[in-house]
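For reference, chains read A, B, C and D in written order, and residue numbers begin at 1 within each chain.
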């Protein structure tokens, strides 16, 4: 069994218009820039994108939005500094937004991957974000019922991958990537390095291969922050 | 900050009668035998113990039960081969039992550590184990509502610990230990080796120190399986 | 009356038959005991990846006696080994794999299976110490839940029944049953006979089954390797 | 009318005061922006361990310009560094720490704080793009939730109010408020004045506060290092 694909283009080839896609990363850290750009090249549109943010600059998710491929963002923090690709699209009414508190976003994704259709959290109780949601009282305190979040695809960024799809992550680039890997029908991971089976210590595996469908090696992946400081624009 | 305690006796000294204690391990793998035996020596009784099993042989949790310290077990699989310490106590009406499916047990403990008071699971729907529990319907399917599980103390077994309480685990001895570490008011970890701060790669930490209150070095810890094959009895 | 003991499949043969249905690349959980035997018969050229509830994926064979490392065990508490590709994880992550639908197949033992797919395999309901383990999670998590079982109890009573009388493990969860006499699918609340050993007639098999056996196309001869008998 | 700009504490002084309350060994989350400044003033001999929502515990100072590793950032997306004791983990684990009550203190910014402890700090309610981030989780997770803020808005309106008019971040969550003029606790639905800068009278402070200031024992002079002014 070898989950390696030869190219980014093949990895994203099957993503249809209208797909729901989780994209890993927190800001630029852990963002699979090359996979996102391959998705832009591929042309799928009318997408629902789940990410903590809504892109920065003119690369990655911001570029996907700028190319008018995104119908809806589900995220916790869509604000960004100039340029404000999402902000302008949102204020122009060209893109939908579902705001989810960051911890609830992470937990909803984990729940999606773990077969938990709903859970209760203290987060957002008494706020506008809880409007319309069921409230439960446990041990004398009120909690908000939240539902799982799943996706058709997850695009994630790993550091090392082995042919079975076992993954490690680099530093804080881990963030949403491991939970998103669990919650999508098809998880596609770009890895800085594909290593031979057995090269990752079994105790150091962060995402076991059962959660990963395809891997693609992308050596020296771009950092969104660096691209933006250089004023990069995609395509 | 150094969370190291000099002895097992000091580590368990504060555990009062009536405490609820999570004890790590799956069968003998990952069972903190030395901490359990220190607890036997300490004398606390009327305990509620949460573990996947209910002890084997005459050491560890079985010895704790044999010494009549346990009022109630919360576990998924209390059956054991001869000798049957728990079985006899249970059939004699000397110990209470709450049976929880294994995945629900793990998830209830995780929920306790993660501030999730309740969640829905497909597990046990339509069975006797779901009797009396709330049922929720999501996307046309029925699920059982389960509550979080917390404890006053967690006794766990780690491989390496640093002074801040960052932990690693050896092979499948990981099992319930990391989730239990998150769900107790006081988490006490025995580690085969206490290493200096910085000796554990930040990417290889399994339990971050925030979840750990005390660590004690126990070099060459006993394996329950080996003790039982030798016919060991404690005390 | 037929002498079942002379014609029925051995446990190894039942396990062999179940193994033939495991696809290349499948993620598989084998229940404690008899189902563990399935791993031995994985067809050549097909690679299955085995999961054990206590937090190991893609483990290797049992070690030689004396070489056991008791930190490296399976859900049955038997020693296993690591191999290239093994991953360790904690119990909550392990059952996220199970409950989240990431396993392709779970293969379990059974006390009773009802024609609607209900499974009873954790308690005879007769007292003693109840012990459920991970079975209730597995039956609702894996994409396909199969059962390995003798066709009848030691006393000769049907294990495939109209409705379970023993405490349930899961509702409507079993999709395929590998018995000592036949291969039966659960389809829309019915037992559908797919294969049976040539030595038993349909009518005799029906007499040993507690609910109607339907057919859907040809019933194939269930032939297993003789050397496993 | 008093000229607040000449007497009020600087942001650095407010952060310094907040830092004095962080115990040795405390696990602390500092909100994006102004609250991050608290880390600079940790009293000598006391070690605080800082958590950032994006999955880092016990991180070090900001790197020198040019030495940034953009895989190693904090929740404000600023570059940080590792140090002996650092641990990385994923987002669900990170918010398990937050929501599960494992943090000792969270220190946040505020638009408004009500006398019952309600906090508004994520949306002015005036349109634009809403963005909540991790604040709604932090206010219900940490054992102690404190706020750093100017005592009044730029227009001079009270930020400490009888009831918030802006969208809430959390209900009854704030326990201590460090302002540019005073240190105020929230106790049983009341603002309790603990400390104030000597340059302002109780009455003037009350006039700048949107709900009654109570006292409970002596009000201490709030004196911060001059060099931070």
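Here are some notes:
Simple rule for what comes next: a contact is a pair of C-beta atoms (placed from the backbone, for glycine too) under 8 Å apart; a residue touches a chain by one contact, two chains touch by 3 or more.
What you see is a predicted model, and the numbers here were worked out from it, not measured in a lab.
Considering the contact criterion stated above, the chains in touch with chain A and with chain D alike are B.
Between the chain pairs B-D and B-C, more C-beta pairs are in contact across B-C. Comparing mean CA positions across the assembly, the chain most remote from chain C is D. Centre-to-centre separation of chain C and chain D, using mean CA positions: 57 Å.
The mean-CA centres of chain A and chain B are about 34 angstrom from one another, to the nearest whole unit. Spacing of chain B relative to chain D, judged by their CA centroids, is 37 angstrom.
Distance between chain B and chain C, defined via averaged C-alpha coordinates, is recorded as 30 Å. Residues of chain D in contact with two or more other chains: 82, 88-89, 92, 95, 98-99, 140-141.
Residue positions of chain A touching 2 or more other chains, listed in rising order: 107, 110, 114-116, 121-122, 169-171, 174, 202-203, 206.
With chains as nodes and touching pairs as edges, the resulting graph is of another kind, matching none of line, ring, star or complete. Chains that are in contact with each other form these pairs: A-B, A-C, A-D, B-C, B-D.
Interface residues of chain C facing chain B in the complex, by the touch rule stated above, are 52-56, 68-73, 77, 82, 88-92, 94-95, 98-99, 118, 123, 128-137, 140-141, 167-171. Considering their complex, residues 1, 110, 112-116, 162-164, 166, 182-183, 196-198, 202-203, 205, 208-211 of chain A touch chain C.
Listed in rising order, the residues of chain A touching chain D in the complex are 26-30, 52, 76-79, 86-87, 90-91, 97, 99-107, 109-110, 121-129, 169-179, 206, 223-226. Chain A makes touch with chain B in their complex at residues 107, 111, 114-122, 136, 138-139, 141, 143, 147, 168-171, 174, 202-204, 206.
Listed in rising order, the residues of chain C touching chain A in the complex are 24-25, 27, 47, 49, 51, 57-58, 82-89, 92-93, 95-103, 140-141.
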